[in-house]
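Chain nomenclature is as follows: A, B, C, D and E, assigned in order of appearance, with residue numbering initiated at 1 for each chain independently.
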Amino acid sequence: MDLGTIIGVIAGLVIVCVAILLGSDFGIFVNIPSLLIVFGGTFAVTLIKFNLKDVLGCFKLAIGIAFKNSKSDPEYLVNTAIEMATAVRKNGLRALENFKVENDTFQRGAGLCADGHGADVIRETLTKEVNLTILRQEKAEKMFRGIGESAPAFGMLGTLVGLVQMLSNMSDVNTIGPAMAVALLTTFYGALIANAVALPIADKLAEKTENDQVNLDLIMNAVLQIHANQNPMVLAEILQIYLPAAGGGKSKKKAV
Amino acid sequence: MDLGTIIGVIAGLVIVCVAILLGSDFGIFVNIPSLLIVFGGTFAVTLIKFNLKDVLGCFKLAIGIAFKNSKSDPEYLVNTAIEMATAVRKNGLRALENFKVENDTFQRGAGLCADGHGADVIRETLTKEVNLTILRQEKAEKMFRGIGESAPAFGMLGTLVGLVQMLSNMSDVNTIGPAMAVALLTTFYGALIANAVALPIADKLAEKTENDQVNLDLIMNAVLQIHANQNPMVLAEILQIYLPAAGGGKSKKKAV
Amino acid sequence: MDLGTIIGVIAGLVIVCVAILLGSDFGIFVNIPSLLIVFGGTFAVTLIKFNLKDVLGCFKLAIGIAFKNSKSDPEYLVNTAIEMATAVRKNGLRALENFKVENDTFQRGAGLCADGHGADVIRETLTKEVNLTILRQEKAEKMFRGIGESAPAFGMLGTLVGLVQMLSNMSDVNTIGPAMAVALLTTFYGALIANAVALPIADKLAEKTENDQVNLDLIMNAVLQIHANQNPMVLAEILQIYLPAAGGGKSKKKAV
Amino acid sequence: MDLGTIIGVIAGLVIVCVAILLGSDFGIFVNIPSLLIVFGGTFAVTLIKFNLKDVLGCFKLAIGIAFKNSKSDPEYLVNTAIEMATAVRKNGLRALENFKVENDTFQRGAGLCADGHGADVIRETLTKEVNLTILRQEKAEKMFRGIGESAPAFGMLGTLVGLVQMLSNMSDVNTIGPAMAVALLTTFYGALIANAVALPIADKLAEKTENDQVNLDLIMNAVLQIHANQNPMVLAEILQIYLPAAGGGKSKKKAV
Amino acid sequence: MDLGTIIGVIAGLVIVCVAILLGSDFGIFVNIPSLLIVFGGTFAVTLIKFNLKDVLGCFKLAIGIAFKNSKSDPEYLVNTAIEMATAVRKNGLRALENFKVENDTFQRGAGLCADGHGADVIRETLTKEVNLTILRQEKAEKMFRGIGESAPAFGMLGTLVGLVQMLSNMSDVNTIGPAMAVALLTTFYGALIANAVALPIADKLAEKTENDQVNLDLIMNAVLQIHANQNPMVLAEILQIYLPAAGGGKSKKKAV
């Protein structure tokens, strides 16, 4: 689980709720038609912008990525690659059949080596898989950024509807205040969805995609070197540039 | 029909209408001068920005693209290409004369092969057609984005006109509210056109253009390979990179 | 005359005027100090941003381009080029002396050929002229975009001046409304200039510059081919890529 | 003196003053705490963004560039270069010692030639000087753009301070109007600084930097050609591309 | 200590405080729930956008960079490099063991030379360290820019909460003013954090990163030349391009 995202989303909502409860009861901040217009409108627009099946897929993917820790710790990947290279040196590429890697792309790459495919096929298959993964994550990010744009827009639309209704019928002065409070709720919902949920998650996805791109490059490099029966020491040396400073120091000692 | 766009546009408008009807009758949201200023002004500005004939053409094109499903499913295109290559292998390029393809560019390319044109002519003709298609769709997207900018601007202009008129003549206090409600209607119309219709359709067009670019590249590739009397197996292998993951797996089994 | 621009500008202003007249008389929308602050301020800022002589030149150029139809219809240019090539084939480059072309750059290029200059001189002279034309049009576009930014800014400044004056002196309640109406007029003027005139014209200039860039490329190509005594058939073939789809089909029949 | 900038700045401020004086006396637009918050805040933020000594240097530089006419008229530079080349042809590079050029970089380049340095040293020294000049001007532009962002932000901060103070203490209804007028003054100051002074000057600096880049390229080219003892005729031909159209025609006649 | 940043931050806050105290006492600008919503919300969103450990690290790094003077004065670095080169000429690379440099990267580079590593290893190790340093600073800048976006967003959310609460309960007219004052406080806090602290510090970080990039390039160049046993005179000549104009002149005299 990615603690940062979970703590962040919960903390953000708790803070807003506490701020609300310090000044009034929660009831005045719940209004079904206002929720309908912001959530429904944002969803409708998202359906126009993206394909129906993309919307559901991206949503699930985004939740998965944003809330779970990536299984692609570079240090783990490098160590696995060194183990694999050692095994291949001893027992040939067949030895990779028994390796269990906690990363789908790496597993697939090892499988391709074990099946005896050539370097070209491996490179092409992995490149395709990598591009597809990156593409899907970028689409998910784009969708959340789109939600972050549409939600405030529908919030404003809802507030305009409320204002027009309030201004058209001002016979009872006492209802003006509450009517305007309700009108402002859609703006509040829209701003909350955009700034406390959708845009931060889009930013998180962007950062994870960036990390994944580096990791997938690492895996591609590692698999091709293993396939070429590279010396584990040299492989460690080559892969070291993917490690952050401290880890780099450690694995360096091991390798040299 | 592209269900996403249709459901999205209808759902968006229904949601806004329901939200309106929950609080008042529909009548107070219809005002002819306000509609005139937003729709007329946006149309006038669109006429300045683009050529008269472009405006109508782009509008028709955009509706066609946004609401209809693209006929360029990559799997269908790849399978058709493989069939064509098989036929050409058996009966020569003349065999392409009888093929019916549900994609104009592909049909044109097959026709050029059957007519005995050289690879250079085919490449050039298709490139030109592809560039023209992409260019036209990009112009349509640009036009909808332009509408998405102009509509809120004219909405604001209309509201300013209404506010100035209301403030100049405040003798009767009871008319202030309704007058301001009417003034706000143009802002409402402008925001509705931009955020619920024009900008989402522009985004949809952008996504479809992106897909088309990939498909047209596929078609170009396929036609040139078929023209070169390529082996259907090898062709399937080559075109496989255009297929999404699952489909890629399936056609792979066929090809190998 | 470019009908789109003229209809668009007139329609836009007529629509705003009609919307005004439906609710009040025109007089309350005319205020000399407000006009002074928006027009004067925008002009002053434009003088700071650009050189004095550039401002006048760009303005004239922009009006000329935006309201007149471009004389560079690609089909006309291609046909003229083919005629020229035919004449050169018969009577040598001297034959170009008598050609009248409705496009200055093309005329200049033909003149350079007739004067017996080498291909290098022609290429250099035309390149310089083309770059200068594009540069000047881009400066004009930049200026109109600058006006589209400054006008709303000075509109806001004027409204702030009006609001401060109104708020400082609220002894007579009856004057508050009209005073605020006048304060809002500058915002109205600024938004009108920017959204109904300056920005659409800047967009139009951008589009025309794009077209011109293609046409000037066509002319450069044509002149150099004619200078090289190219066969008119081959020239038609070469220039065909500059024609839109339908026209391309027609001139193809002629050429083949 | 650059008349455009001077007329523009003065005209802009006069227009705003006249607009103020037409509606009230000037006194209500002067408020020391409001001036303090906008000017002081903007200056404080500029100190954070840039180094202390950079701020003063950039300010002086920017004033110098924006208000003075550039001494780098391309036609003057080309003519000087031709004179130099003629002198060098007659009396060798030593002849450059006596030349007085109204452009520091050109003077420096001529001095380096006269001192007998090699082409490499000259190229390197001038490149460094040119890069430094461009860099400094870009920093000045960046600073003015920064001021154009910070001034409105501190204007808004000041207005918020004023509004909170006014709303906290509404016992005397008669003070509400004037208090709000004072609160709006900071927004007015911020918008005035940004839109009538800082941003236009930043744009002017950007344009002058663009011109300078071309002129410094011209000088570099000219000095290296003179150092290589180039024929003045050929030099005129080479430098002609830096001249605008009309001037280009004139100097061409001289040269050919 | 970087005086600019310190003076700037303190001056900015003092100016705002003075402006507040001139009009009221400080108490009305302190409101715990408002502080909670802006600071808490911004922190929560930052936790979503970045990893938990990154947030703390970046914060410490940013404070360190923004408030301390960089120890990488180019003149100091060049002079140190010349001393090193002189020492290496006399006593070989071992002589570098005793050098104390006030710059970690330079020290590391000297150590690698003294340890007898090859040029390839040195280049690779330093490149990695440089990239890592730049990357970390860019992440810190990104974080502060993110804070500069989130703080005003949560300020607006807080104001919306306050407005809805105030409007829902307008029974006592006397509380409306103070309630709205409190509602505006969150907008004030958000704008203050963003414009007076977060965004200027992000800009400062960006500028320092730019300087560091040049300095790290200088160090890389210097270490490799020293490793290659370069003549100190030639080294001074080579490194001179990293010095600003005046310093360049001085060190030139030394070198020639």
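FYI, contacts are C-beta pairs under 8 Å (C-beta built on N, C-alpha and C of every residue); 3 or more make two chains touch, one makes a residue touch a chain.
Quick caveat: nothing in here was measured; it's all calculated off a predicted structure.
A.B. asks: Just tell me the minimum hop count from chain B to chain D, counting one hop per pair of touching chains.
C.D. replies: Minimal hop count between chain B and chain D: 2.
A.B. asks: Provide the C-alpha centroid distance between chain C and chain E, rounded to the nearest whole angstrom.
C.D. replies: Roughly 45 Å separates the two chain centres.
A.B. asks: So what's the Cα centroid distance for chain C and chain D, whole Å?
C.D. replies: Using C-alpha averages as centres, the distance is 28 Å.
A.B. asks: Do you know which chain A residues sit against two or more other chains?
C.D. replies: There are none in chain A.
A.B. asks: Please report the chains around the ring in sequence, anchored at chain A, with chain B in second place.
C.D. replies: Once chain A is placed first and chain B next, the ring gives A, B, C, D, E.
A.B. asks: Give every residue of chain C touching chain B within the complex, in rising order.
C.D. replies: Per the stated touch rule, the residues are 3-5, 7-9, 11-12, 15-16, 18-20, 22-24, 28-29, 66, 177-178, 180-181, 184-185, 187-188, 191-192, 194-196, 200-201, 203-204, 207, 241, 244-245, 248.
A.B. asks: Quick one: which bits of chain E touch chain A in the complex? Just the residue numbers, please.
C.D. replies: 33-34, 36-37, 40-41, 43-52, 55, 124, 128-129, 132, 146, 150, 153-154, 156-158, 160-170
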